[in-house]
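Order of writing sets the labels: A, B, C and D. Residues in every chain begin at 1.
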Amino acid sequence: MINVGVIGYGYWGPNLVRNFSEVPGSRVAAVCDQQPERLVQLQARYPIIKTTTDPYDLYKDASIDAILIATPVSSHFDLAMKAVHAGKHVLVEKPMTATVEQGERLLEEAARCQRVLMVDHTFVYTGAVRKMKELVETGQLGQLYYYDSVRVNLGLFQHDVNVLWDLAVHDLSIMDYVLNARPTAVAATGMAHVSGQPKDLAYLTCFFDSNLMAHFHVNWLAPVKVRRTLIGGDRRMIVYDDLEVSEKIKVYDKGITLNNGQDQRYQLMVGYRSGDMWAPQLESTEALRRESQHFVECIEKGQQPLTDGEVGLRVVRILEAATHSLAQRGRPLEMHWEGAVA
Amino acid sequence: MINVGVIGYGYWGPNLVRNFSEVPGSRVAAVCDQQPERLVQLQARYPIIKTTTDPYDLYKDASIDAILIATPVSSHFDLAMKAVHAGKHVLVEKPMTATVEQGERLLEEAARCQRVLMVDHTFVYTGAVRKMKELVETGQLGQLYYYDSVRVNLGLFQHDVNVLWDLAVHDLSIMDYVLNARPTAVAATGMAHVSGQPKDLAYLTCFFDSNLMAHFHVNWLAPVKVRRTLIGGDRRMIVYDDLEVSEKIKVYDKGITLNNGQDQRYQLMVGYRSGDMWAPQLESTEALRRESQHFVECIEKGQQPLTDGEVGLRVVRILEAATHSLAQRGRPLEMHWEGAVA
Amino acid sequence: MINVGVIGYGYWGPNLVRNFSEVPGSRVAAVCDQQPERLVQLQARYPIIKTTTDPYDLYKDASIDAILIATPVSSHFDLAMKAVHAGKHVLVEKPMTATVEQGERLLEEAARCQRVLMVDHTFVYTGAVRKMKELVETGQLGQLYYYDSVRVNLGLFQHDVNVLWDLAVHDLSIMDYVLNARPTAVAATGMAHVSGQPKDLAYLTCFFDSNLMAHFHVNWLAPVKVRRTLIGGDRRMIVYDDLEVSEKIKVYDKGITLNNGQDQRYQLMVGYRSGDMWAPQLESTEALRRESQHFVECIEKGQQPLTDGEVGLRVVRILEAATHSLAQRGRPLEMHWEGAVA
Amino acid sequence: MINVGVIGYGYWGPNLVRNFSEVPGSRVAAVCDQQPERLVQLQARYPIIKTTTDPYDLYKDASIDAILIATPVSSHFDLAMKAVHAGKHVLVEKPMTATVEQGERLLEEAARCQRVLMVDHTFVYTGAVRKMKELVETGQLGQLYYYDSVRVNLGLFQHDVNVLWDLAVHDLSIMDYVLNARPTAVAATGMAHVSGQPKDLAYLTCFFDSNLMAHFHVNWLAPVKVRRTLIGGDRRMIVYDDLEVSEKIKVYDKGITLNNGQDQRYQLMVGYRSGDMWAPQLESTEALRRESQHFVECIEKGQQPLTDGEVGLRVVRILEAATHSLAQRGRPLEMHWEGAVA
């Protein structure tokens, strides 16, 4: 039985508590939040869980095996470092840390202490994203052309991070998993419309070694909610609409065909191919349930999580570079990866 | 009665012939196309229209008052210059010319010859775009935050121009009309996926002096057709979906509110305001009909067209700068406007 | 403080427990269910609520003021009668009873015991339905032409009632509230596709004294979920789509106009009028929260609920007549109302 | 070369003229319409087609092989009888005739004169309807449960027929082709909202020998346009949405499963099965083009058309019975078929 402690009982914490309470092999021993009224709410629902406003109570509790961190980004590094240092396994909200440097230090410390470090890239555990991964990996899309995502709505302003760190982080974690490719350069444009607040609208392009390209549109000030990703390949194309209730993934048997024209000296003829559309049935297990189970198993079996610290750090690297480009109106910035796969 | 000659009877030419045949005050006297089989088709439908494969037959025909040019972009400049020189009024397809330099020379020549030069920015004459212009101009959106458009589908590759010149030209002409603002810089990223072919996917950002920002996503290789523009202001926001049959324009009474929080020293509170949505009824006259009538009137009354050469040149300037940025992976390029309004 | 006891902790019971736990002025004292494992679940969440498998424990508990009944229809009458008889106020799930006769006896008993009897017609308390009521009552639709609803999906078969009693009951309760009219006749057709099971597909027509007509389509075996109601009037028309997240109600300024043609002797000219569409913002309070509060207030102040026993009985009358017509392949059956309003 | 004459150049006639002008093996020799201004329009486009206001000019013209009738329903019988009598093959708009008796007499006369009699059930020739036919015939839906269609919008009032004859005729012709089954009884309810005008809203149920059921909802006074058909089987289900541009047919791998419960004496357990959704690519040939070609071939080869007089008469039989039921508020009326297939 893995005993977990949760730090942060705001928006996401209650979901962690519910899932780790119900997953076989784990139980929630204690919850920490700085706002006592949240802890009152918790106790009304879960009277057996201990509560505290001081995270040290969790670190020093020898019965606690793992710490789940669901606080604002700026506090992730400090809380996670202390938890690892105290010998706890850690599951931290995305983005993993506020800077690349913090991420690198956290990875080192987790390795040194031999603790499991996992990042809560929840979407990676959804049926929809897993299906896209499968379609890409089995070559059903053919050679990849582009990855294009839109994630906009009238959303809560985050005061400590810009819209890329709040919204694009989801899409970058999905792309990292589905494409398994590292951008060689990024360029981002964006704007802040409220004085003194972070940028609320941004567009991010990722370049790759191949002629694959990725683009992300995120916006806190849109009148309608859109959650749509297009992935284009030369054999098939995907539309992933997360707002669809039952047909989130549509696979289009469409593409282009290339033929030499009558007069080969002059031009290649570009033709269009159209076919069936297909919406595969998706696994309906709640993503966080699957993820919670995975975290528990990784601890029990000493395995590396699917969304480990390396993955978390890759996403932070892109966010950091994008934020730099954003300040320079889209000037492209090179990305360097050690042992990069693509 | 204005006699018009049409050069180019491919995709768009038949629409010009139909409209100028039916608009009061004009008639189609002659049509020129290099492919004789197209002229055979024309004569089956319009036996009284003269046909030719040589544009000079139109220039030298003294009974012809105006020339409509519906040919590939690369030929616009040459055909339009000769027409103006021959004393004809000219309506030319978008983009007006293939370069800024061509555009400047064409404007000079049209001014010198005192001929009407109009660019066929058809969308400007639709009920939907006119309604957006009205909403912006009367201040109903408040201060403008952003203009975001998506125009993608599995579309015909153009061999002579990239996807910006083919698709974004529509959106730039709409933006020019609706916002009446000049970008101070542009940044564009994109990719060619078919060897030897122009870029088929592009993202363009336009920066302005204010904290307004515009972004355009165009793609010839998308599995689904999207024609959607969001315009955000601090009072209201618009969603313009050109694929909707009857509710193309939706106006959202949504926005943000700013309040000083309890502790003014620390932060401004950002709140959200939500209200009704409203889809105004739109004029249903065919855009090209309204535009044809406007061209005829401008000739008759010696007026400046709504989409004159200046407008056409502004759009070409942005396309040219965007194409340069595209080649540099999004490096922002400054735009300079004489007598700019914004 | 109103103490409530809940009978039935299956699909709907948990929602009642949650709401009556949180509404000011009420608390949940005890829950009864025949399946002990459900009570275990309850106690994990609400350790202070008493549990029992015997409803008599609730009837005889003098501290309990009101009983909420969320069990299958067949048990409603018996449970509600005993509760009223024991001096409890009652909130019963829809349909109120399994027969008109039961409904009449329950109303008599509630009146005799001077207890509040309320039926859980939840939709009546939604922002969407309240907005429709307002639009109809203030005459904004003009004279009413029709009410048409579709409620279909691949749904749970009910073993004890046909699809009308399970699904159309929602729409009849909405119609009763919004139109405030009594049908003068009903005709229903339908079919059972699974041997030994109730009818899973049905179409119900309600006739009225005026030239208003209502129609209901319900189906447990549809591949897609539809929740759509059209209400047509001579001035405006409503589309109510309950699956829309934020624009559930759309009001169309459309209708027909009647003019005498040139030759009045022969025919009336029917014209069409088209105008704006408008989606009013709706109250977002959870319907069951508003309803719970209303029940508590009715008890405290001795008021008649909006969805009282009379309303519940009207809906049961239509369901009973419709079921008779269903057995006769749509033969129309007259409805008789005492003191009917329409 | 089949020479055709067209009677009626209103809404549909121009489509017939265009298609029979372009189909190989046919040409349009003459067009008749009572309104001379329509003939002027025709001649502007097709100067070589003869025009007349008198249908006798077509009957007596020996060079004309076939007559296409695109006039109001009330005139179909008279015009078609005279055409057949004059030795012409006939293609008549739907509904074939205004009564069953007329239909029977027309069939007899066509048989006697050995002329091809075809009814213009255009939808039968669309890619979408042909795909549904294929799915049903090859057993992919399994045993059929229901056929449900909705065809509503703010539409043109027909002064001579009610909304069933104007709109449901499309769906009845589709159902006749796709299901190849004859209803054993019909029941229809509906209403007229404009004094002196035919019923503008109607609901029609068709009963069959099996536990298949069909239902049709048609309405001239709806605020939105809906063209949707659901076909449910025990193996798969279809949603046919004719307003979709590219995915008109969606096939759902959904259904119910039946298992004996633990205690077989008491009940059959109904389970749900869910799977992929699939939108097959459809043939994109214009339906009327395919139909025109078929008519020409039937004449040339002496074949029976797919939508022959028998088919047209079956649809008229249902419309006539439905109209009788409509007048009796849904009283079910038996249908009797000679040599019925289902």
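The working rule: a contact is a pair of C-beta atoms (placed from the backbone, for glycine too) under 8 Å apart; a residue touches a chain by one contact, two chains touch by 3 or more.
Treat the numbers as computed from the prediction; the structure is a model and nothing was measured.
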Original post:
What chain is the most remote from chain A, judged by the mean position of CA atoms in each chain?
Top reply: D
Subject >> Selected interface, B-C versus B-D, where C-beta contact pairs are more numerous >> reply: B-C
**OP:** Can you check how far apart chain A and chain B are, centre to centre, with Cα atoms defining each centre and the answer in Å?
**Re:** 38
**OP:** Provide the C-alpha centroid distance between chain B and chain D, rounded to the nearest whole angstrom.
**Re:** 43
**OP:** Please report how many Å separate the Cα centroid of chain B from that of chain C, as a whole number.
**Re:** 53
Subject >> Of all residues in chain D, the ones touching two or more other chains >> reply: 274
Original post:
Contact residues on chain A for chain D in the complex?
Top reply: 246-247, 253, 274-281
**OP:** Could you pull out which chain C residues touch chain A in their complex?
**Re:** 45, 47, 225, 245
Subject >> Parts of chain A lying in touch with chain B, wherever the complex brings them together >> reply: 145-146, 148, 150, 152, 154, 157, 159, 185, 187, 189-197, 201, 203, 205, 207, 211-213, 215, 217, 219, 221-224, 230, 232, 234, 237-239, 250, 252, 254-256, 258, 267-268, 270, 272, 274, 328-332
